[in-house]
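Reading through the structure tokens given below for one structure.
Order as written gives the chain letters A, B, C, D, E and F; numbering starts at 1 within each chain.
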Amino acid sequence: MKILVVNPNSTKAMTDKAVVAARRVAHPDTEILGATGTGPASIEGHFDEAMSVPGLLAEVAAAEKAGIDGIVVACFDDPGIGACREVASGPVIGLCEASVKAASLLSTSFSVVTTLPRSIPVIERLIHGYGLSHLCRRVRSAAIPVLALEEEGSDAREKVRDEILRAIAEDKCEAVVLGCAGMADLTDWLSEETGVPVIDGVTVAVKMVEALVGAGLKTSKISGYATPNEK
Amino acid sequence: MKILVVNPNSTKAMTDKAVVAARRVAHPDTEILGATGTGPASIEGHFDEAMSVPGLLAEVAAAEKAGIDGIVVACFDDPGIGACREVASGPVIGLCEASVKAASLLSTSFSVVTTLPRSIPVIERLIHGYGLSHLCRRVRSAAIPVLALEEEGSDAREKVRDEILRAIAEDKCEAVVLGCAGMADLTDWLSEETGVPVIDGVTVAVKMVEALVGAGLKTSKISGYATPNEK
Amino acid sequence: MKILVVNPNSTKAMTDKAVVAARRVAHPDTEILGATGTGPASIEGHFDEAMSVPGLLAEVAAAEKAGIDGIVVACFDDPGIGACREVASGPVIGLCEASVKAASLLSTSFSVVTTLPRSIPVIERLIHGYGLSHLCRRVRSAAIPVLALEEEGSDAREKVRDEILRAIAEDKCEAVVLGCAGMADLTDWLSEETGVPVIDGVTVAVKMVEALVGAGLKTSKISGYATPNEK
Amino acid sequence: MKILVVNPNSTKAMTDKAVVAARRVAHPDTEILGATGTGPASIEGHFDEAMSVPGLLAEVAAAEKAGIDGIVVACFDDPGIGACREVASGPVIGLCEASVKAASLLSTSFSVVTTLPRSIPVIERLIHGYGLSHLCRRVRSAAIPVLALEEEGSDAREKVRDEILRAIAEDKCEAVVLGCAGMADLTDWLSEETGVPVIDGVTVAVKMVEALVGAGLKTSKISGYATPNEK
Amino acid sequence: MKILVVNPNSTKAMTDKAVVAARRVAHPDTEILGATGTGPASIEGHFDEAMSVPGLLAEVAAAEKAGIDGIVVACFDDPGIGACREVASGPVIGLCEASVKAASLLSTSFSVVTTLPRSIPVIERLIHGYGLSHLCRRVRSAAIPVLALEEEGSDAREKVRDEILRAIAEDKCEAVVLGCAGMADLTDWLSEETGVPVIDGVTVAVKMVEALVGAGLKTSKISGYATPNEK
Amino acid sequence: MKILVVNPNSTKAMTDKAVVAARRVAHPDTEILGATGTGPASIEGHFDEAMSVPGLLAEVAAAEKAGIDGIVVACFDDPGIGACREVASGPVIGLCEASVKAASLLSTSFSVVTTLPRSIPVIERLIHGYGLSHLCRRVRSAAIPVLALEEEGSDAREKVRDEILRAIAEDKCEAVVLGCAGMADLTDWLSEETGVPVIDGVTVAVKMVEALVGAGLKTSKISGYATPNEK
């Protein structure tokens, strides 16, 4: 099975990290392909998200042509998922949807820890659309820029851990979702430090796409996700 | 006051129609500017919508620079509204949000009549996000292509009227929202033929932007709609 | 266009203030008429609200007879709106509905600051009915009596400002709705002091009625808001 | 224990009928007192409802002074309940709230059969506020005027039965709530004819008030239902 | 009328206490029967709850055979209510459903104070299912083991009172529901100490069953609660 | 990885069928273990469900002791899932939760086709709890007994196909969930006949458990799903 992990922002280092995270958990017979968008260097808010989508769709269309089986959109804002589902025949999953649905299978409530405050309302709106607001205690920000996760010597990981501990203490949540694509390598350490399931989007999205493809399922093509009309 | 009516698809005829509709209801001292996107010729589904947004944002950014007071995004799928709100300082409203909120002020329930079946789930999801699902009886399609509304000799308007009559009879709705940018010139005739308020998105969006600007209100800039971060 | 601003309580000074606020933002060709109810001196809770409605309806009926185009019910508890919509042919809007719907067009979340604690559950219930609970962070009280806003030397305005600052800090809201009819003259100052859109109900309700009338829309008369049955 | 059954409309015959229904089910040691409002002859829509409330509140206040233990507001539109709860110290229940909450204890879903179509949106809005929309299959009208239930030779009861049978067949509901104060004497016959619990509001409201009073419970007085402020 | 109060856990002392509480409020002509399950000694979480249900159902079936009129399941987790409703012909009510519905009739919002933290998500899920999440401010735990309520010299009752006072101060709730079967004897004292209605599940469940039986109502048998199929 | 597929009813043939379905889609390195409950021969309603849970929990506890990695509860009513999650350390998923969450990843709306009408409200309540009511068009019954699926010569499969076709035509759903454990072998045929994704619970539940285990995730143990308390 071939799965595309497509990073809609244009920072190749983040793609590489996501691909590493994906390969770490994928089955040996799953081939993980990486692709990088042509949009902004990081996705911080609605504008960045919107600007990243055409490049993302080009990658999805190319992969579809090449016979891809399923697609992970490696961004927590779930940009362009509906559009990707129109273009692809296999399953397409974004990080937020994958991880909050995973959290709902492992706990009675969860909180999300994201990077920047401006992403909070974006994520809240996604979770409302996914129908899981009643299980989401709070969307929190560790107040770190997305790219800080890539910097040497940054204390970003400690900030994330501390925010998780605050989430457990204040929100009484039972699991924590990492609201950013770049934290996959931290989950084991964070889970050990905090005692709760810490869920990384890339990891669970890859496994869920594997699961749906393995179950023989594809995206429905009869209405909302039908192939785009020819013009 | 200057209001931009920006059609995110690339069909100039639809822009012109929207501008005419806007000018018909705008105050004499409101200047209506029109702009046309660079995306698909019509917006039929998620893919078309996503592809239209960068061109839309370019128009919004240009208008913002030129001192626009408020913006109407003249498409019923409300593409890129969050991104536009980050770019613009004045109010930005899409047709779906404007018209379902107007309907909620004039009736206890409404149905939506759109063009193509594939737009139904897009609109349902928007209305869920706007919190008005409990007032929306049903989103219906008159099963006509978007561009048919522009064609001479098409029976599109009769199809729309008949679908409205079915909505009243079957859904027991009290108002009908036209789920498409190109029907503004039909509202008076449709309202007379059917006996209910028939709400056109361009019309009410223009008036609502006028209202918010006239009230001295602007888009909040402290978090979700803050100006895009410099990269 | 003629718009009636009807204050359902019997305090003429509040009517006058609302009319001034309305005229400040109305278009030059909109005539603002004021009317005062015969109910309690202020509306603080369900009982006061209920007692104010018959007097309110009498004013609405008189205005309807005299050919009014639209009506603003100048009280934040939105008393008798459904009944007014049965009596009037044009649009009728209350302050809470107008301002929370405006807030939803300008921000991803808002809080409400009202006067007395006992109004909090009334307003929460209204917002639940309007479908906007998911965007409303919190309804807060500045703990001031309604009529204190009219008193010389009261520190009511500072209390309101401080409550708004607390709302921004604690609720992470992006806009604030003033939950009272008597604060229209404070919005500019409050917005400057706090950095967020501060929304006054009279102001936005007048502009929204203007917008709906200007769009040629009237209240639906086929079911829920049909003219009262003759007895 | 003394319970007031107050009919907010001014048709004494309906009060008498409600009192008879109440006495039929009340405990022998419960004294049922009847009172009639000064509003419209029947409550058909928002306007009638609003006009009935001051008279209703006067009866409630008088009964409160005389030491009433609990109050049933004998109208299915639940007029002025919040205001009555401010005035009364004991429990106050309206017919809609009592009967849909009873239905939710006896079935997994229910439909409501009311008299006039114009009451449908009023009842839907109440049920939304009570949080039971997910259990309410549909609010239906048997298309009979409220007062027809009082008329000799009317076929109103057959119409109600037929609508219940349609509700069971089409809505797959498991219980039916009678959406009108005047049908208490029909429940046994309707239940036998249709095979489902048929719930009359007066009956269950009286029993629920008895239950709450018997449990030693009173209306909370610390905020939303606090005694009206002195002016 | 005969009402069974069945305690699904196997601690006879808790049954006795519930029966005493039930008899304290039941009408003189209501016979209260007690029964004790064969499950765990206390119900603390999903596992205990599940293990208690077969014993509970055996008691319900026996009582049904013996002609019981209605049933109270004396546990706040509402275990096996749907199954009991299939077995019984009369009304069946659990403590959580009874008390949150009672709270919704007496206040505009309530909080729940339960014993152990692990019961919080169980209760939150129940309240979500009952449709009352929008009125429930918070489910809190007084952090006491269920059986401590039975122990001499325990400070459990003071802990409960203090948690109620915190609920009023922090949650701004207007009523408090006691989220445990064993606190019925504390309600009067707690209500006096705190100034809000304090609602005990056994008390209100008994009275609600009395009310429904007294209204002549039984559980619907046409679908969701139909008698179990013979195998 | 070892996954237990536990059928909570006592019909060994259904277990075998589920195990076959599970093995058909599991990875070669996943070992599928089967277990059969001691409850009713089939689960048709709340009573059967409740009676099946202790036997189910015994199997889960035994498997947990033996080091199982994850568990599928092979019944569409999701019996005892919370209790299983307390007992197990790995992920536990029921068929309804697995398949409706899968459907939400592949389509914008789905319907469920179950066997008996009495299961409809059970499933509706589950979906409400999972937060997906807004995507579920309708829960339908093909009106066949659960065990008919096992009988030679039954026309059960044609009935299911016809109900799916009706769901597509009438509900405008884009995917169909099979609301029963015994239809796994029909999905390919049904999907071909109907043109939409047809989702079988066993299949997707096994793949989702594989996914969560493969992602290194376990059930949260800090509150709602903590190990049962010792008594």
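FYI, contacts are C-beta pairs under 8 Å (C-beta built on N, C-alpha and C of every residue); 3 or more make two chains touch, one makes a residue touch a chain.
This structure is a prediction, so every number in the text was calculated from the model and none was measured.
Looking at chain B and chain C, the chains in contact with each of them are A, D.
Although chain C and chain E share one sequence, what matters here is the overlap of their interface residues, and that overlap falls short of half of the numbers used. Averaging Cα coordinates per chain places chain E and chain F 31 Å apart.
As a whole-number value, the distance joining the C-alpha centres of chain B and chain F reads 42 Å.
Between the CA-based centres of chain D and chain E the separation comes to 26 Å, rounded to the whole angstrom.
In chain A, the residues touching two or more other chains are 108-109, 117, 120-121, 125, 128, 133-134, 172, 174, 223-225. Taken as a contact graph, the chains fit none of the simple arrangements: neither line, ring, star nor complete graph. This structure has the following touching chain pairs: A-B, A-C, A-E, A-F, B-C, B-D, B-F, C-D, C-E, D-E, D-F, E-F.
Every residue of chain E that touches chain F in the complex is listed here, in rising order: 40-42, 44-51, 53-54, 57, 80, 82-83, 85-87, 117-118, 120-122, 125, 128-129, 223-226, 228-229, 231. The part of chain E that touches chain A in the complex is made up of residues 117, 120-121, 124-125, 128, 133.
By the touch criterion given at the top, residues 108-109, 134, 172, 174 of chain A touch chain E in their complex. Touching chain E in their complex are the following residues of chain D: 25, 27, 82, 91, 93, 97, 101-102, 104-109, 130-135, 168, 172, 174-175, 187-188, 195-197, 199, 203-204, 207-208, 210-212, 214-220, 222-225.
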